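Letters are used for the chains, namely A, B, C, D and E, taken in the order the chains are written, and counting of residues starts over at 1 for each.
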Amino acid sequence: MYPVLSVTDLTYQIKDQPILSNISFHVTKKASIGIIGESGSGKTTLGRLILGLLKPTHGLISLHGKAFPSGHRNERRAIQAVFQHPLASFNPEWTVRESILEPFRRHRPILRHFPATSEENLMTALALAVGLEERLFDRLPHQLSGGQIQRAAIARAISIEPDIIVMDEPTTGLDVVSRAQIIELLERLQQTLGVSLVLISHDIDFIRRLCSETLVLRDGRAVDLIDRLESGSAYTQRFVEAGTW
Amino acid sequence: MIQIRNIHVRAKHVLLHDMNLSLPAHRFICLVGASGSGKTLLLKRLLDRLPDGMSSSGEVISDEPLRRGLDIGYIPQQYTDAFLPFLTMRQMLRDTYRAHGRKMDHPYIDDVLRTLELDPTWLDRYPGELSGGQLQRFAILFAVTLKPRLILADELTTALDPVLTRRLLDWLTEYQHQYGATILFVTHELGPALHYGEQLVLMQDGRIVETGTPQMIEQSRHPFTMSLMQAHRTSPEERKSSCTQSYP
Amino acid sequence: AASDTPQEQNHLTFVYNFATQSLDPHRDSSYVPLRAGVTETLVRLDDERLTVEPWLAKKWSYEGKRTWRIVLQEDVTFHNGKQLDAAAVKSSLERSIDENPGVKNALNIETIKTDGLDLLIQTKTTYPEFISELVNPNTAIIDTKASGVTKEPMGTGPFQVERFAPGTKVELKRFKSYWQEQAKLDSVDFVFNEDAGARTNALRAAQADIVYRPDIESVKQLKSEGLTVQATDTFRVHQLTMNVANGPMQSFEVRQAMDALINRKQLVDHVLQGYAVPARGPFLSSFPFAPNYPQQLQKTPEEWLKQAGYTKQNGRMQKDGRPLKLTLLTYAARPDLLLIAQVIQDDAKKIGVAITIKQIDVPEEYMASNRDWDIATYSNLTAPRGDAGYYLNATYHPNGGLNFSRVADPKLTKQIETLNETIQIEERSRLAEQIARYVNEKRYNSFLLHPSTLVAYDSKRVKGWKTEKSEYYMITNTLQVTD
Amino acid sequence: MKKRWLIFGGCLLFFISYTVFTNSFNTNIAKRLEPASFEHWLGTDGLGRDFAARLFLAGLISLGFSLLTVLLTACIGTCLGCLAGFYDGRLKHLIHRLEDGLVIFPDTVLALVIAGLFGASPQSLIFAILLIKWISYARLSETLVTETMQKPYISMARINGLTDSMILRRHILPPIIRQVVVLMSLDVGKVILFLSAFSYIGLGVQAPLPEWGTMLNEGRPYFSSAPRLMLLPGACIVLTVVATMGWTRWMKKKGGHVNDSDSEHTRSGETRPSA
Amino acid sequence: MHSIVKRLLSLSLFTLLITFSCFVLLRLLPGDPVLTLLNIDELSATPEQIEAARRELGYDQPMLVQYVRWLQDILTLRLGNSLQTGRPVIEMLLESYLVTAELALGGILIALLIALPLGIGSALTTRRSVVRLAHLVSMSGAAVPGFWIGLLLVDLFAVRLGWLPVMGREGMTSLVLPALSLGFPLASVYIPLIRLNLRRELNQPYIELARMRGISERTILWRYALRGSLPPVLSVFGLTLGSLAGGVVVLEVLFAYPGVGKLMVDAILQRDYPLIQGYILLTTGIILVLHQGVRSLNRALRPDWQKGTHT
């Protein structure tokens, strides 16, 4: 049994300047990893590398034991993402509904659970899941508030039953209530569908709830790779403390 | 002192319902509300820059002029959109000064950069070359460049790590005292709001639910406030069950 | 322009319909140096009698053995003050032969010797046209020692080049020591413009004094504005060249039918608006060798076609079940040909002959190398230098460069070759006339019309203008303006 | 709506019968340049042919031809431009060089060469115009693609597993097409003019078939005596361009869900109904 | 250093390719300069004489031989003489390029004077009348050929009013009409292009947020929005420049403004190979420079368009 995602010795440089150095970890089925670290430590970059949007300088990323991205038709179903800045990840000319349906339409034949679900039903289900009024889906992305668009992005990410979701700061812009809903939703997805998460967040509470393991980054290097947040180094500790109000 | 009188904003349907609010000077005011409750819109209305197609009535009264940039500093929620992709930070900063006929205040800028833990060399980077948190901090820098007396901060810590968040809020408080500024800090977390806010404003569905000092809010009997307080206090498991009832 | 320099009274602006990039008299195929009165040739063409007259050459004689003696004028100086002498003429002629392969062919010179003030020129073969070929502007005499020939040729004419803007204009000023009477004009702007409308406009805006070939359609208007438009016959003939090598035009009757089909008067009156004369043969009737064509019995085209074995079925002329379909070539460089082609096409349709018009780019090129056509509209210069030899050789001799019809009639060839051996002028004229008549009888080509040259000017201001049939001499020493 | 089509069809039929009846090829040079009369509604041209009938016939030819050419050109140009913008590297370089190489020739020169090489036929005419015009479409679309490619929603589409062609088709092309369509509607007129320019070198529609550009050219000598011969074809071309522009706008209004007053994404999106 | 060498190498390779393909194409065209050179229209020549002239000029040789000979000349920096006029090709080309440059600059100036205010104005305003005017101008510019406008203008300003010269090339006054005739149709493309791209740019969120920073509308328009919207416009502009560098035949003829366009058409009709080859070489150079210029300008305008950036 291969881990869902494994990252080995990943290094990324821009113009010979290292952004990430020698990162390794893996995520098994139903397990999730949290990535924390100070701003600019390379979290987003790591996420983009995992998603295959950037080419690593060296190192290897594999999904289910297969090198990723390989260009295979269906490999993309297994991985989904929520960007740090979700508004820009929606085509400004499309309604939110269309943007959400796009991956679903693409991957529908190979979905396990709801290939037969109609698009309307899916949207209703997604709206319910992320706690958004369904009518908001018919708007253009810039007509939604920050939190609403965030939830729409999450809805899109879960619509195709991915095996792993990379989420960059998914709780920003969410009020406590929606945040709780999302946490619950992700938990349920982990349990029922066996979705793994790569959670990039400053929200310590969030990470603690969902992640079985946490990678702590500092200046592009892994400082800690720990099960319990409390067991980390002083650097990690500082985070944990500050993040608890 | 800024008075918001009967502000009413609508697009297809009403987004802000007849709002009345007074923002006392030299205060750290926290605007708390659920997602989509109209916090950002209220800020935009204060800046007098509502999105196209929205109509508004009512007025904003202030004893002093409210010039964008000079008197009001705005930190947008969608901070990544705030920067022209083809200009470096320095160029944009210079433009901000120039727009108001000022000279670059280097010592001050350096000072703020240090506080925000921003490397001065990043000033010569394009927005696309910076991380989310770095961008958000630059957005803050831009908002305070001209030492405005009113700062509208829309979720300014979303991309910042907790350590930095605390440091930043401390610094904002300091700034408020130093320059006698009013800070309107939008958030939906009660934690920082209760900690830093001198006055809290609670919003729900385009309406102001309650205003008051942190103590008053903690004691409030209003169902919305209570649900927020409860969510803040309790552990996440309990949180969700209690909240979903009060939230439609 | 006329209004440009008011202090300069004797200034004239002439607008010509070609633009040249070079003033080298030996190469420039638009002959600007000669036309602008900068250079002169040894002999010139008399416009009235259409004979060759002395110019820089005082007289000439045939010495036998293919040798010509040419006696030069005395006291002729080039613009740079150098004296014209036999050596200079020799050098100039040699240069033109070197520079211009066309001139080399046309002059056909073997050797040039100087003999005091005289030149002795021996041609390669017996070449009676030699003297008349010296009319060719590309044989103009210049001082070859002077530099800058492409921009400022040192000629002997009444005007010298002040400034040359390639493609735009030549500014001329009077040459003070001209060997004949000094020019009356102080200066001339010889302006180029290839657009007829623009030329006309220049005249109407009083920015030009004389305009060569104004827009035909605007003649009426020009006249109404008090300007003079002069129409003069040219040595040009618009003709229907027929492909007698293959296809239906091999048949004499079909050629006759095509010829009979053409309503020349209509073409002259309506396509060229009267600025042309109907052509009976290749040569203008004023030429000494233009034959008098007998008034023959006119048959209709249908009758000719019937005679050729065609019958009309379903409105189509057919022979052996195959309809008569012709391809007509035309080209855009002469817009009137395009119109004529369309008129002929339409006329032919009326008698049941289908004509397809094909527009081509370089007609000489196309007709020489392709045989997929039957008739072509073409425009020929017939006796540009006062001698019939050129046209007859080029068009009807199997070796002719313009024999697109592929005429190879032994009798005709023989006649032409006899002409080529004959030096005596009257005899040449007789022979040329005979050939012209024969060609006409055989209908190798069908002649449509001689277009006129139009020149428009303000006759109140410009005096002494004469439109030459040869179109060689334009700016002369007698031209003047009054105010 | 139906009524409008009916009127349109009626007019068309009427003009066709007029054209057939008067026969636009009948030359009658004795009756050249006649003013408008009952017999000849717009008078006759320089060869005495009925001008109205020719104008109509020319319209059919010019329009059909130029629409076809513009469509073809825009397709090819936009495709190549998109490819160049989408795939960095060798392909882009190749396309750039191709553009550079072709742009060097002035239009007329290119047309001359094509006419010489392939003979004068409508195909070579289309080919010539294609060679001349595709570049501007390629250039425009390339820059626009480059710009769009920076957008995070393109990355998102990648993550969603869309193939390159899907991304191009669904995300990148639509905003480009808007600009391309504007360019196209302007080019419809330009191509008609090209026709006339090239008919001069024998590349155009062969006489006596009329075509607006050529008619405009033919009318030039009559500018002072019968200005309508030049003004009317010109006016027809103007109208065509106006019509194509109007038509494209109408299409857009009918078609896309994008609520734009004029072909671009505006922020005044509030006007569209939300369910 | 290395990259410059590489670049130069690739450029010269490209030039070689272009000149070679032109060379081949031109010679594939039927015809050669001989007929015109012999002035066959007026002087008799037998087929043998024609053949002899052809041999003398070397046009009976295989194409490759001719090309190599031309290349040798180029490498020794000789473009040769024009077959028709005998003048040095380089001199003729430079002369007419000067004229073309004059005409092109005039045309561009006019085009900008029309397109910028109308394009920008119609992008900024919501006033119907301005938008309509912009539409009207751009449509009529697209539908009306330059010479048509030229004729009308000449008729009005030169013939009727007598303010400007009908033709010729004497100072600024004679440039006005050709520049107008050239500029007006040019403007037609730029008006909608500027309008569309400017509006697109003005709708970007960062523009709105710059306003909230108090940046003046002037800066926003001139330094931000215009800059952002320029690249697509510039790309097309580069093409315009390129095609103008090739000359505008009809206007050159109409106004007797002897630029390269007319020169080239004549050269092609007469198959003046040395002139054509020289032209191709020179124009290749000019256009490469122009396009490279536009590309670098675009890169300078949008430095964010390089690969590897992200937000």
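Remarks
One rule holds in what follows: a residue touches a chain if its C-beta (ideal position, glycine included) is under 8 Å from a C-beta of that chain, and two chains touch if they have at least 3 such contacts.
Not measured: the values here are computed from a predicted model.
Each chain's centre was taken as the mean of its CA atoms, and the one lying most distant from chain D is B.
When the C-beta contacts at A-D and at A-B are tallied, the pair with the greater total is A-B. Taking the mean of the C-alpha atoms as each chain's centre, chain A and chain B sit 27 Å apart.
In terms of their C-alpha centroids, the spacing between chain D and chain E amounts to 21 Å. Chain B and chain E have CA centres that are 53 Å apart. Taking each chain's centre as the mean of its C-alpha atoms, chain C lies 37 Å from chain E. Within chain D, the positions touching two or more other chains are listed as 112, 116, 150, 152, 155, 175, 220, 223, 265-267, 269-270, 274. Contact with two or more other chains is made by residues 11, 51, 78, 80-81, 85, 128 of chain B. Residue positions of chain E touching 2 or more other chains, listed in rising order: 30-31, 151, 155, 205, 208, 269, 302, 304, 309-311. Contacts from chain C toward chain D in the complex involve residues 196-197, 215-218, 220-221, 266-267, 270-271, 330-332, 335, 338-339, 341-343, 345-347, 349, 357-361.
Listed in rising order, the residues of chain E touching chain C in the complex are 30-31, 35-50, 53, 56, 82, 84-87, 92, 95-96, 99, 151, 154-155, 158-159, 162, 165-169, 253-258, 262-263, 269. Residues 11, 33-36, 38-40, 51, 77-78, 80-81, 117, 130-134, 136-137, 154-155, 158-166, 188-192, 195, 227-228, 231-232, 236, 239-240, 243-244, 247 of chain B are the ones that touch chain A when the two sit in their complex. Of all the residues in chain E, the ones that touch chain D in their complex are 14, 17-18, 21, 25-26, 28-31, 131, 135, 138-140, 142-145, 147-148, 151, 155, 188-189, 192-193, 196-197, 199-200, 203, 208, 231-232, 234-236, 238-239, 242-243, 246-247, 249-250, 260-261, 264-265, 268-269, 280, 283-284, 287-288, 291, 298, 302, 304-305, 307, 309-311. Here chain D touches chain A in the complex through residues 151-153, 155-162, 166, 170-171, 174-175, 257-258, 265, 267, 269-270, 272, 274-275, going by the rule given at the top.
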